[in-house]
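There are two complexes below, and they share chain A, which is joined by chain B in the first and by chain C in the second.
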Partner chain A sequence: MKKKINGRTLLLFWLVLSVLFLTAVCIGGSFLDETARVTDFSRKNISPCIQYPFGTDWLGRDMFARTIRGLSISILIGVCAASVSAVAAFLLGVVSATMGKMADGIVTWLIDLVMGIPHMLLLILICVASGRGLKGVILGVALTHWTSLTRLIRGEVLQLKEQNYVKIAYKLGKGRWYVAMKHMAPQLFPQFVVGLVLLFPHAILHESGITFLGFGLSNEQPAIGIILSEAMKYLVTGKWWLALFPGIMLVLTVICFYTMGDSLRKLIDPASAHQ
Partner chain B sequence: MKKTWITLLAAGLMAASLMGTGLSAQAEENAKNEVIVTMPTTSEPEAGFDPAYGWGAGEHVHEPLIQSTLTITNSDLSIGMDLATEYSASEDGLTWTVKIRDDVKFTDGEPLTAEDVAFTYNNCRDNSSVNDFSMLKEAVAVDDTTVEFHMTKAFSIWPYTMAIVGIVPEHAYDENYGQHPIGSGRYIMKQWDRGQQVIFEANPDYYGEAPKMQKVTVLFMEEDAALAAAQAGQVDVAHTAASYSDLTIDGYNLLSVATVDNRGINLPAVPAADVDGVTVGNDFTGDVAVRRAINIGIDRDEMIQNVLNGYGTPAYSVCDKLPWYNADAEVAYDFDAAVKLLEDAGWAEGADGIREKDGVRAAFTLLYPSSDSVRQALAEDTKNQLAQLGIEVTTEGVGWDTAYTRAESEPLVWGWGAHSPMEVYNIYHTMKDTGLAEYSPYANETVDQYMDEALESSDLEESYELWKKAQWDGENGIIQEGEIPWIWLCNIDHLYFVRDGLQIAEQKIHPHGHGWSIVNNVDQWSWE
Partner chain C sequence: MSSSMGKTIGKNIIRMILLVIAVSIAAFTLMTLSPIDPLQANVGQAALGSMSQEQIAKLEEYWGVGQPPLQRYLAWAKDFFTGDMGVSLLYRQEVSKVIAVKLGNSMFLMVMAWVFSGILGFVLGAVAGMHRGRAADKIIRGYCLTVSSTPAFWIAMLLLIVFGVWLKVLPIGLSVPIGVEASGVTFLDRVRHAILPAVTLSITGISNIALHTREKMIDIMESDYVLFARARGESNWQIFKNHGFRNVIGPAMTLQFAAISEIFGGSVLVEQVFSYPGLGQAAVSAGLGSDLPLLMAITIISALFVFGGNLIANILYGVIDPRIRKGEKAV
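And now, the complex of A and B:
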């Protein structure tokens, strides 16, 4: 009898693979910081070879080191920004759903306000206003990504409020905060974790986007957005490797985060746990 | 399935090649007396073709084409005549008298008189947002062909200013002049599609030699787009960068034009101090031995090979090859002497290979404008070369919003080069309110004095000697043996892909700015 691979095992496999890939990029990146900045004009414009798997650019920088370092910076920014966003989303979501009409109104208004402004525009505004650079990008991404998760959690809490066990808890005289933390939070946790993980790819793409447009990190840094915008100028001269490999790596990273989020959701969401 | 793909691909290729031949055939038909030139998007005059708002007389100087100027600069940068028939300065240098031709008409048929000249200059003085006209008190038309400039202070290099200010018609000048310029120059502006192109047509009533090129189209685009346009055969002259210079395009040759478009770094020449919340000066570069060591410790030829693919010349001053350049500024690369200078001054190597003296580390941040990849490469190469001297350089890309302030305490990669000695003054002369030079802190009374004398001189040719002395008089100056507050790295050749058969007339040495300089003499270009 042919043994069928369990769906859960498969999911677990993808999850572990994604996590491994991302950890490898992060750790590799932190070691490659120096290498990524070295310029050496004796080795400029080399196409991919064994020594330089991603080739080198017009300053003779090793594109492999630059790409990995760039991604690790992106992931770092993603972690910072997504964590801040997620915490804000959780608090606001719970506040909005449990603290009465007034609080809910304010939070919903805030969400609409932030969502009403085009995402990239708000990001650029915040980033430039807070002095660009790493600080600007983290602030910008953190302050613009909490809305959708907040909305999700608020909706979830509103639903939970109608559940019998929550109503009973209120009737038994438990306070709002107690119910929110003891009875609601555990229910919200899977949603929250998945939402958090799914924020990463957004954060990373927005970080590269804003840097690509020239409003983010300054261009001596090995950031993925910078690599891509510089590559644009040299594509026309046939230096395809400058954009291709970093682009593929960026897509891979984003896919990994999605796989991670998706696998996590299926594994810990009660509704799909038995599939 | 596969077959359909191949068919589709073949059809696509055929269509593309047909389009290509169609376009180049069209271009060839027009080619007899028309020319299409590309320029960087930054060359498009934002405020239009009005000399008061930077057209010709702006940051990047060039001949205004549409308007006539009083004088011109010849290819050796001596002064020639355009509208002026003669000019002279009074003994004290405070009055310039210029006689102009009486046979010149604007393209609307009205004659050009001294009134128009006076109006143009007074208007520039009141409104110029880009150039400094504060030395002009008033321009007065004495009669129809004589104009007098009354100056607030002696300004011997006034003829260089007269070479870039286009004369506008008083009767047809209003706030929209920049969009619809009327002049008396070689060309008439026919059409301006903002953000795309400007079309010039030859002025049929031009008083000088009739232009050979009847129509000049200028397209504004980035270097990569210009390259693509040349590859598609759509333009006749495409500006390009050193990083594209190893490409060959069928039907085009690479033209390299010598320039004073120099790149250099400022080394703040005073110790760091806090002035109104801004750090001015730098403890490391404040030591003159350090500046001298850097000047001879940089191999400029290697840098030009590395960064510019060889399309450049070593620079030793802000005005190389110009009549007021002092050749004493030239230095030879000498690594050992540079090390010795540092050692003698007490900069000893520390444990990590970086030099130190009295707790000051031999290190600085080298800034560059983040939008400029050539300056970034120059900064990186400087960093690598100075590392061998035991100096630690960190590079950082900055925007112009913060660059000027930060350059007061940290070196920045600058680009300069103009057809006027005034630039030497702007860079090295002290300002009244701070007692230091404007862009990088430095002060020397003797240098100041030579430049003041040069401006007060009544004879332009004689004043060149004073400008040279300001650079080095045997004891004081801004060169290696002097205080060397700026290190000049290279002059960047301006590169163009030029269609075979197009004769670009002899170019005078190009100033800073890769734009309008090339078409200074477009009227003399011709097709074989």
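And now, the complex of A and C:
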């Protein structure tokens, strides 16, 4: 045996690393709020160096501070909106699987409806409906991300209902609440948590996309989409660092969320942890 | 094909029509909910201040301010059914004309990206699945996972920096060269301008289909019939041709038709970066400028594409998979 590291330990390592990175960005972002706003024309358009690792922009703002601050805003929005979405998905999924044919029909029809409009277009519509701004972004992301998780939860509950131990519990005279709490919840909860974490990257990607298009936050709040859309105006003049580093950080953030969700899933599911 | 197949298709079409109507109602409601005053957004506060009351009233009528929503919706729906999509408020042209031009531009790009990403994604996924755990698999999987966590518009920006600004081999934006008359634009010009946006869309489109094909392929490679085929001495290629392909192509195609929605969404972002005058860019300006007729038409057309894609996928599935044709469920 060459590899001594246990698969589970490795997963745990990645999980902890991702969580650390994300918390560092969030905490760093709240400290760098002031630094991110400082404009100083004596240091504008500096390409990356040791003092300003991400360079500075045309107003002399430190891009590193701006990126971290922007990411922390984006993470916050994404996490909030995705959590709302996930709770809605859980409720709808359970309702659809347990409340009879009618409810099931309505929920699946709603899913088809939301999935029928291209995601970005629906986000645009919702942002316009709520008058753009922060509210629009959060509403938009929350209202459009529940579909796939709802399907997952619905399928899971439908399967659980067919399990023998659930049927036996009913036959033994246990109440609905007892079965739901004792037999269903322990199965559903891990699925839900993993689904929730895996919603975050989607939410953040869409949040950055919609702010990039100009539907989201105002220019004073440097969300990552705003930073990138501002950078785009200066691309042609060769200021590549304005786009490169914030983008890399965004990708890293999203990857961290994916790793988090993936390692959580594998850790919870004992069968796949040792593959 | 049996009558049960026809029945399913008929059912699907009715469902699709109902969904499109629902989409139009939902989109219309969202647009009317908007607190953005179209006059302020498009004419501007300063210009409004200097206008007479009559002019403002005229403009209000033009942008549909103050009419009850239900009445507006019914009027809009009646016109839409007779083929009249209304007049775009921003472009001051008939919506059908605006859409025809923009859709043409977008289709050029999206079809290229869709076909390319579909084929390449399928091949990469199949290769990765058949060589599970080896170098090829690791590279392909790594690529897919990285790309699926990368926003499409950022990839577009990187490509723009490299090919447009540094190497200067491809144009920076638009669908045709600037300053050339419409008749002077050659097909090659159009292709040159569509390359970068199409490549961006393809790069992002590959990952989904490749990952799913890989999963399916792994399942198939672990099946008993493949083990038996190996025991008979079939080569990798024979196994793929005889056992893998038919089993994998069905799900892959369903997925690729379902991905139309993704490509549509991606094109909104990518067209924005390349200022490519397609449907996505029109949607963004319609959204920012509260151009209700145009945004409605774009929403409905894209919904038609998405539902149409799903329908085709369902039908194709029946053609490929004999089990479904006979009304059984796929395993």
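The criterion applied here is as follows: the second predicted complex is superposed on the first by the 260 of 275 C-alpha atoms of A that agree within 3 Å, B and C clash if a C-alpha of one lies under 4 Å from a C-alpha of the other, contacts with A are read in each partner's own complex, and residues count from 1 in each chain.
Keep in mind that, in the parts below, contacts are C-beta pairs under 8 Å (C-beta built on N, C-alpha and C of every residue); 3 or more make two chains touch, one makes a residue touch a chain.
Just so it is clear, the model here is predicted, and its values are computed rather than measured.
> Is A:24 touching anything from chain B or chain C once the two structures are fitted on A? First, second, both or neither.
A:24 contacts neither chain B nor chain C.
> Please tell me which partner, chain B or chain C, touches more residues of chain A.
Between chain B and chain C, the winner on chain A residue contacts is C.
> Does chain B (first) or chain C (second) touch A:12, or do both, or does neither?
Once the two structures are laid over each other on A, A:12 reaches no partner at all.
> Just checking: does A:39 make contact with chain B only, chain C only, both, or neither of them? Give me first, second, both or neither.
The answer is first: A:39 touches chain B but not chain C.
> Looking at A:250 after the superposition, I want to know if it touches chain B, chain C, both of them or none. Which is it: first, second, both, neither?
After superposing on A, A:250 lies in contact with chain C but is clear of chain B.
> Does the superposition put A:58 against chain B (first), chain C (second), both, or neither?
first
> For A:214, is the partner it touches chain B (first), chain C (second), both, or none of the two (neither)?
Both partners, chain B and chain C.
> Answer with first, second, both or neither: which of chain B and chain C does A:236 touch in the superposed model?
So A:236 meets both chain B and chain C here.
> Using the superposition described at the top, list the residues of chain A that contact chain B and also contact chain C.
214, 232, 235-236
> Applying the document's contact rule, which stretches of chain A touch chain B when the two form their complex?
Touching chain B: residues 39-41, 44, 58-59, 214, 218-220, 230, 232-237 of chain A.
> So in the complex, which bits of chain C are touching chain A?
Result: residues 15, 19-20, 22-23, 26-27, 29-31, 33-36, 145-146, 148-154, 157-158, 160-161, 164-165, 172, 261-262, 264-266, 268-269, 272-273, 280, 283-284, 287-288, 290, 295, 298-299, 302-303, 306-307 of chain C touch chain A.
> Mind pulling up the chain A residues that touch chain C in the complex?
109, 112-113, 115-121, 124-132, 201, 205, 208-209, 212-215, 228, 231-232, 235-236, 238, 240, 243-244, 247, 250-251, 254-255, 258
> In the complex of these two chains, what residues of chain B are touching chain A?
223-224, 227-228, 243-244, 247, 305-307, 370-371, 373, 376-377, 380-381, 383-384, 395-398
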